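For reference, the structures are reproduced in the following blocks.
Both complexes shown next keep subunit A, but they swap its partner, so subunit B is in the first and subunit C is in the second.
Now for the complex of A and B:
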């Protein structure tokens, strides 16, 4: 049936978009760091998974157990030693944003340079779980389905953690107003570092999982940064559920346009939808109006 | 005080600059020690993927080979080759700037071409104005004959889009005549200059050969899911599937075709099919897949080239533009040796008129264009053999129909 044939592959594609964006929504939305090196970190994780798979025969899903803590640690260090100072210095949110853009722009080139030295510029691709599974009459790839499940699972878990736990509430308080959060006794800098590091861990999840089905090279990071940014802004900055929903909507719209209208217009449809959302709800689908 | 200091500093720098200029001038006048080669290549940005498979390894291999053999023969002397390299960051502006710098500041003797149609067209006017021979190997454009006429220093080595599509249509037409395939073709192409030109030329050529395009769509560059496109292509029930695609899409289309158990009699995909990565990823499933490019894998010269490429760069070359890139440099070397001095205009003229011995056989350009270019190849037992044009030496018969995916 055409409907299932649009909705299911659309959800799978959207799951990938959401997965790519989840880390950024934590780093940008909650920890207030506009991380321009986001895509590069994602590609670095993909290279990590590739090396572990081809070198040691370690499955990408097992590689997650290594990659996520490692990325968490690296991002924590990055925040502690590079970004924290800027965050403290910046007078308001926009100043912090500009400073973090400048610094992470530099980090982008460092990561990219290391990858270029280690892997060169050529394309890499390997196959893992590239198995067909038929769901409701439409054929899906298991590896892409796994990415969707991870995106949904992580998205919901992070959403619950942010809304239902004390620490999550504190993190959201920082996102709303860091100075006020400090006044009620929240340790802004260490909690921000933690959230930023969690975002980094999620980047690693995204990178490892997409490496199972996308062909990538060292200079592709910007593609992912752009897509993640569209999803995050469309969903409402800092809203994890928003990112998940926005990603899924984009996936379904792209697939529907490709099937029903013309595959050449998928990109146009993405940005038309993005613009429409911004015109109607400038703070994103789930964003709250600034008070 | 500060300004006085600065003035002195300025004076000193300009004096030194003059001295250096004089120095190079005199040394160049009495005897050249080395031949300086310069190039700007995409080491970063979207073109890095293609450049680091097809172009850069061959530039490095050639320099290594030439220097190991003692250098380029100028008169009765052999001059070794020295390289100045820049990253054009996949940007036309950077590429043009780097070429200007190579010519005016580094004063290199020859300049190698960047990777890709776009960048080659971008640096074309500059190389023409500066009078450097331009070996535009990795560019496929229907404008090539016209450009070769306009720029007497430029040569084109991968054929035109029309040539590629026509040779493919000729091969398919022959198979249809033998009753091996039906008249339905599904064609997809990437919406970028390369895909658009090939698709336009293809539409005409396939129609002329008696085919109908049951499905014919473009997709945007960088699409991350091509399954919807494939689903509709499958619904058209074609005997032949053709994709004028870029490497990530080529890989994705092949992988998703396997998942969807799409087994047309002919499965032809674009750039990337001829890459070693393709064989590495799909292993036995690559067998029977056709794609753009190809080479005469039985030729001893190419076998030797494959071994040297592997030894020097640690990886295999692609089976389309890599050997041609290397051959173009052999042509340049032989042209320099025939002319006997660094006279760029004479070398450019010699490249166009001479006949050269290269790894791809005897090369004789016609109006600045290499005519003998493979436009369709097929993976057969782990090697990518050329199929069309069928008139080329070493052209193999296609394995038909493509074996079912495993």
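Now for the complex of A and C:
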């Protein structure tokens, strides 16, 4: 049935989008760094998983144990040595955002350059857990379902961490107003660095998991960055549950366009959806309206 | 004409002659280098024209460049060359208009994000078109134009982009752009139609980019989407403009020349590590040289051209009629059914405890908020639903409770922005004189050239008043303008407002300083929880038991 053929694969694709957007929810939504090198970090993690799998025979799920702490450390260093200075220099939030966009734009080309040197421009893929299962008449691959489960699990864990813990509350306070957070005794720079680094860890999770079923090359990071941005803004900046739902919506819309219109126009559909959200509800589907 | 000036002209003319004659004595390699410098100069200057003053960083240079190149590839074989260039310009303007109309109304960050993805979007659409309509990706472009001609076309285009940038900088739109970059809300309330100014300049800059793409297209012979839409070009343009300094017309050139030479060396010696080094250089530039080598933005602009006379206005009846105005924020009625009239030359006070809806009411009068119900008539125009800049131009000016000055602009420029976009733009040359008079009136005469961000809080409030007055308003809204002043400053402030009234100005003031209300207002309105609970002469109103209860609470509270 056509409807199931769109909805189920759409949900699975959407789960992947939610997964790749979770890290950006933390980095942009909470730490307020608009990270343009996001997609490149994701692809770098995918290459890492590929190398571990083909070189050492390490399964991608085990690779997570290596990739996540490593990405956490790298992102923490990136924040401490580059971004923190910009955060201190910027007069207001928009100046900080512009500066962080520019610096991460530079970082994008550094990461991409390193990957091009190491892997060249060709496409890579490997096969892991690509077992077909039939759900309600649609054929789905197990590895994609694993990614969907991870997305839901991590999304809920991040949501609970942000709303139910002391640290999470402090992080949300920074997202609302860093100066006010400072006044109530929150160490803004170390906590922001921590949140940014956690976001980096989630990027690595996304990258490793999508490498199981996606074909990727060194210069396709921009597509992931844009999709993650669309999901984050659609869901409402800093809203983890919103990002999950927005990811699923995006997945269904893209699958529908690919099935019913033309697979070459999925990116155009993404942008159209993005613009529609921005024009109708600039605070996102679940963001609070500005007063 | 002084001797140095004659010398300057001679040197300039000699340089121009050398630039024009360059292809006659440069060999292939040096000609190619000259072409690279020229086309990056055009792109970086066009980029800085829009993104420099507004700080709307556009990452979409290659989207327009590639569009132009592709237009040339598609039409180049069949159409005469000038038609091809014109088609590229029109297409660039069209795409810029569509992109701009949908994203420039939003805050800067969304524009940046969208521009980041725009090149990829257009690239995929072009691929889709080529696969489905043209049935093959990639085109050959054989052109009879030599490299010399290509060079001269670029030289002409570069001259055009500098002339356009120079004219823009001299016009009031140049100042408007910088005002938008400094504080878009304040710019709107100074009478600037921010969206239109941004859109116009964005289109202009995009046209230059797409024509450059068309001119450059014959250089490749074979064009496919990955050549025409190479994101590296956007990146290089941003680096060059930022290194040179995006805030001034000739700043980007200072970045283009050294970086083109550096790129030449890098691609020759380390072709595989080019992108890594480029990224690292860029990070360094952003960290170390936030304003580029040209340093601080110089304060330049001259008196602008003028247009139009002041519109004829209906001078009878009350100046402002507010009728049944209300505003709800999802269930919370911040202002409920408020009606009042303000006569010409009157000072009306609006008082009430915090949270009673006073600022919301002012925001509706000045257009910052849209009323949920009711009507507002100003003179003979219904202004509910008009955008802030329209209301400002009709002659209704305001100050903000939390001051909003455009902090990077000087004190004089803050006032000038409002002067040039107000109801009646002054005749040429008058701007400086008028802004001096206004600044003297509020006591800021000596600080004309100080950046507004460096003023103390009190002085920023004075500046806001001067900026409001520069619109030559018929009605001024003062939102707690006297708050936070010390007793002697308060006295000066009250005297200043009284002087405005004596000059025939109509004023609505929201204030907690009751002495000022008593001294200045002929009439006042008391609000509590969104509604008017009392109105009349200040002394009577302030002793009304309902008003006392609203401020101090009931006996049993």
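In this text, the second predicted complex is superposed on the first by the 273 of 291 C-alpha atoms of A that agree within 3 Å, B and C clash if a C-alpha of one lies under 4 Å from a C-alpha of the other, contacts with A are read in each partner's own complex, and residues count from 1 in each chain.
As a working rule, a contact is a pair of C-beta atoms (placed from the backbone, for glycine too) under 8 Å apart; a residue touches a chain by one contact, two chains touch by 3 or more.
Keep in mind the model is a prediction, meaning the values are calculated, not measured.
With the C-alpha superposition on subunit A as described, subunit C and subunit B clash in the combined arrangement.
Judged by the touch definition given at the top, the superposed model places A:82 against subunit C, while subunit B stays out of reach. When both complexes are overlaid on chain A, the residue A:69 reaches neither subunit B nor subunit C. When the shared chain is aligned, subunit B and subunit C each come close enough to touch A:264. Once chain A of one complex is fitted onto chain A of the other, the partner contacts of A:223 extend to both subunit B and subunit C.
In the superposed pair of complexes, A:139 makes contact with subunit B only, with no contact to subunit C.
Once the two complexes are laid over each other on the shared chain, residue contacts for A:9 go to subunit B alone; subunit C is not touched. In the overlay built on the shared chain, the residue A:110 is in contact with subunit C alone; subunit B does not reach it.
Applying the stated contact rule after C-alpha superposition, one finds that A:127 touches subunit B and leaves subunit C untouched. When both complexes are aligned on chain A, the segment of subunit C among 45-53, 135-143 or 315-323 whose C-alpha atoms clash with subunit B is 135-143.
The residues of subunit A shared by its contacts with subunit B and with subunit C are 112, 116, 223, 262, 264, 267-268. Across the complex, subunit B meets subunit A through its residues 42-46, 48-49, 51-53, 56, 90, 188, 191, 217-220, 222-225, 227-229, 231-232, 247-248, 251-252, 255-256, 258-261, 272, 275, 277, 281-282, 315. Interface residues of subunit A facing subunit C in the complex, by the touch rule stated above, are 34, 36, 82, 85-86, 89, 91, 94, 97-99, 101-103, 105-114, 116-117, 222-223, 225-226, 229, 233, 262, 264-265, 267-268, 271, 274-275, 278-279, 282, 289, 291. Residues 55, 57, 59, 102-103, 105-110, 112-114, 116-117, 120-121, 124-125, 127-128, 131-132, 231-232, 235, 238, 242, 272-283, 286-287, 290, 329-330, 407, 453 of subunit C touch subunit A in their complex. Contact residues on subunit A toward subunit B in their complex (touch as defined above): 5-6, 9, 12-13, 16, 112, 116, 120-127, 130-132, 139, 141, 144, 213-220, 223, 251, 254-255, 258-259, 262-264, 266-268.
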